[in-house]
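Each chain carries a letter (A, B and C) given by its place in the written order, and its residues are counted from 1.
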Amino acid sequence: MTTQSQNKLPEPTPSAWQRFKDSNIGHSFIRDRVAQISFTIFLGYVIMALFAPLIAPFDPYDPNQIDIMNSELPPSWDAENGDEQFWLGTDAQGRDLWSTILYGTRISLTIGICAVLLQATIGIIIGLIAGYRGGRVDSLLMRFADVQLSFSTMMVAIIVLAIFQASFGTELYQELAMTMLILVIGIAEWPQYARTIRASVLAEKKKEYIDAARVMGLGPIRIMFRHILPNTLSPILVISTVQVANAIISEASLSFLGLGMPVSQPSLGSLISSGFEYIFSGAWWITVIPGVILVVLVLVMNMLGDWLRDVLNPKLYKG
Amino acid sequence: MALLEVKNLEVSFGLRSGEVKALRNISFNLDRGERLGLVGESGAGKSVLGFSILNLISRPGRISAGEIWFDGQNLANLSAEGIRAIRGNRISMIFQDPMMTLNPVLTIGQQMVECLQAHRKISFDAAKTIAVQKLKQVYIPSPETRFDQYPHELSGGMRQRIVIAIALLLDPDIIIADEPTTALDVTIQAEIMELMVELCERNNVALILITHDLGVVSQATQKTIVMYAGRIIEQGPTKEIINDAQHPYTQGLMNALPQMAIPGQRLNQIRGAMPPLQRIPTGCAFNPRCDYAEEACKRELPTFTRSGNCQVACHMVAAMRKAEQTQEGV
Amino acid sequence: MSQNQTENTTQPESLVQIRGLYKKFNISGDFLDQLKFKGGKIVREQEHVHAINGVSLDVHKGEALCVVGESGCGKSTVARTVMGLLTPSGGTISYRGERIDHLDDKALLPYRKKMQMIFQNPYASLNPRMTIGQTLEEPVRLHNPDWNAQQVRDKVHEVMFSVGIDPSWADRFAHEFSGGQRQRISIARALAVDPEFIVADEPISALDVSIQAQVLNLLMDAQEKRNLTYLFITHDLAVVEHFGTRVAVMYLGSLCELAPTKTLFATPRHPYTKALLSAIPRLQDDRPEPIKLTGEVPTPVNLPSGCVFHGRCPYVTDRCKQEIPKLITTSEGGQVACHAVEEGRI
């Protein structure tokens, strides 16, 4: 019996690269110019963020490297006032804008990714339990999610951050700003994940391989994490890209309102905000350049998310 | 002249890995009122053939060669408008799942009237009269009430009857039925098949019955085409094929049925599985699974040999017929 | 008479006992959906699907008991309840005399090693994100925690080989295999823990004819080699005739007839069994006209009173409409639940 079935799959196991090229995602990526460009730009951002201390000519956190005399210098292509040292100019405190943007991108991306990791962890656990257990547990958890969703993220964040700032003082707040932002944005948006996961779990739970796992005698935790979770990764991946972009925007908005990162450790949002005061005095670059950087980052993430959704949605490519 | 004449039909699908031919060199005739069975396993191309007759193959598939003659027109290269005038009107189709034809948000009556009005200039009342009459023909009890009901209010068997009534609405010349009873229970299946045969006979409609069930074919059709890996391998009168199949694959299919074996004993299985379209072996596509395969089968594509009233594409059958003829000659 | 006596003396050992099994599903949705406004009052209404209504069955050691019936007759629900995937609403299920229907996951674990299941859809019954090797190792590891990696691997190779799948393909994913091969892998997974009882829920109905024969042969080989007992759920009577030791015919959640395969096919007693047998499409033309059943299958939400089959039965009397028939033993050695048979009318 073995000999006859052997001739059914003749080729050797393909290499990882070949598998990627043959998979839907790889095939689509090779054909899709927009996805390639978005991915390249996003990769650029990640490199900028990761290697910021190596790329940046100055350390914006080191007061010794800052000279107030250099404040509000325009970018270096402005031959009249520009300084070759600072190719994107300087901000109001005399920091090199390029270095500050590099560090800012690092902060924005960190907050975005960590907040989404937190959202995903809470959301996945709650979504898995709700979907797998069903019944009362499901109703309870989902109503809880509905309540959470009915408050807007910004509202929750503003209230929590403002209370924190008022009760513990600005100094402590500045120290803990990043952790606080991650916590607030992370906790405010978990229902997005929980709902998506729950829907996928309900679909997967009906499939026979789950019954097979139960018949085998596997416990619910192993079934949830080993069998169901890997099969819900596609929607998780799609919402994650979009959610990172959303979290970065939330952080930027909060910073713009003065509730985000302090001026001493600026994220892209707080940079925009700090430059906003000077935009009418002619120092447009402090606001506009980080603004463009932020918009492009959010744009490519959303485009990657759209592309992933198109590729991973079985209804679109199988129909 | 035959009602439908298919000549050297070839259908290709442009896939990532390259062009794949789902049908090759398909030729057959269908006479008025004749019932033809298309038999094969999944992947043999029988459904693709059904769809391609109505030019319903959608991208990335296309009819890449051949002709389909119906009523003096070649359906293979007819304009979209020309085809629409024929679809549902002169040739109609029945699917495996009745809900593929029925729209769940419209009543049975709305769907039937819409179908009639799309092809004929006719008032609502006249259309309703025709619709109710067709519902009676398929033995729907109290057709006037059913006319105003939604598909979900009916049982599976009843829905398939409605679909048959819709297929008959415009008095077509041909009905193409793609696995019409596979989704139904055995007792309902027998009823529906009987009904279809009766209606085809009474209205002189030709039927193309696509199925994997040899039992259904043997009871409902006069002519049978057996397909394997995109080609016709045997065609002829149903009785002859059922009682005296020539092609080793047809024989194998028949012998694999549980009723052909002694209860409790092993079944006569065909080894292996049908190759995917990308990897069809050279020569006779069946050769790796065939017990009689010889060198010639691996190299050359067999041509059709006449055997009784059947056409068989097999080297072994060809050799046997040749031997018989020379014997007769001596 | 003498035949009856010999049967009584060699009473076969029963492996699984199902007694008075009931299963109903609540389909009325949330608490809020259940509230209805009727006659000026808000009332809470619940609707149930009565999938199984008092089924008693014994699966004897070493046999292949086939359960047949049309869609919605509850045959799959019986299979899933026996395997503990569903909790019965009433009645008991015992394995070798021990009740297993109320046990929790932990207490069931030793029985999971004895009882395994094969599923209908080979495209859904294997986890798409796991390799075949991982799929097969999982049950072996779970049920033999003291085995080392080599022992586990050897076991996986052995079962893969025994179902005709090349063990060197263990690193491949399910989607790289054809439907027939996947069903073999699914069988291998069930065999991996060396069970003695296997529930097969329509294991071949999603496969092509030529592949069906291969899988059926594989199941029969496995039964012979491993001394297995099967509870085989199917709608295909031709398969039953070939494969089954005894046959149980179900209609709308109730057992109509239970008889040794030969007896049932030679002398069906219940009117529904007769209709079912006459409807099998046969290759030869020599069979009698199929018995036509009138009417539609009622929904299991509102069960008819009395005999569930009375609406479609040609021999119906007033008694059939009121009284639920009990299983009686027939002269041929089978059991049938029908008033007409009991009264000697048919």
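Rule of thumb we're sticking to: contacts are C-beta pairs under 8 Å (C-beta built on N, C-alpha and C of every residue); 3 or more make two chains touch, one makes a residue touch a chain.
Keep in mind that this is a model prediction, so the values were computed, not measured.
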{"item": "Which two chains share the largest set of C-beta contact pairs", "value": "B-C"}
{"item": "Per Cα centroids, the chain farthest from chain B", "value": "A"}
{"item": "CA centroid of chain A to CA centroid of chain C, Å", "value": "50"}
{"item": "Approximate Å spacing (C-alpha centroids) for the pair chain A, chain B", "value": "53"}
{"item": "Computed distance of Cα centres, chain C from chain B, in Å", "value": "33"}
{"item": "In chain B, residues with contacts to at least two other chains", "value": "271, 273"}
{"item": "Where chain A touches two or more other chains at once, by residue number", "value": "4-5, 8"}
{"item": "Contacts with 2+ other chains: residues of chain C", "value": "178, 181"}
{"item": "Chain A residues touching chain C - in the complex, by the definition given at the top", "value": "1-2, 4-6, 8-9, 13, 139, 207-209, 211-220, 227, 230-231, 233"}
{"item": "Chain B partner contacts - residues on chain C that touch it in the complex", "value": "70-71, 178, 180-181, 208-214, 216-217, 220-221, 235-239, 241-243, 261-262, 275-276, 278-283, 285, 290, 292-293, 296-297"}
{"item": "Interfacial residue positions of chain C with respect to chain A in the complex", "value": "30, 80, 83-85, 105, 108-109, 112-113, 115-117, 119-121, 124-130, 138-139, 142-143, 161, 164-166, 169, 171-172, 176-178, 181, 186, 189, 193"}
{"item": "Residue ranges of chain B in contact with chain C within the complex", "value": "41-42, 155-158, 185-191, 193-194, 212-216, 218-219, 242, 252-254, 256-259, 261, 263-264, 266-271, 273-274"}
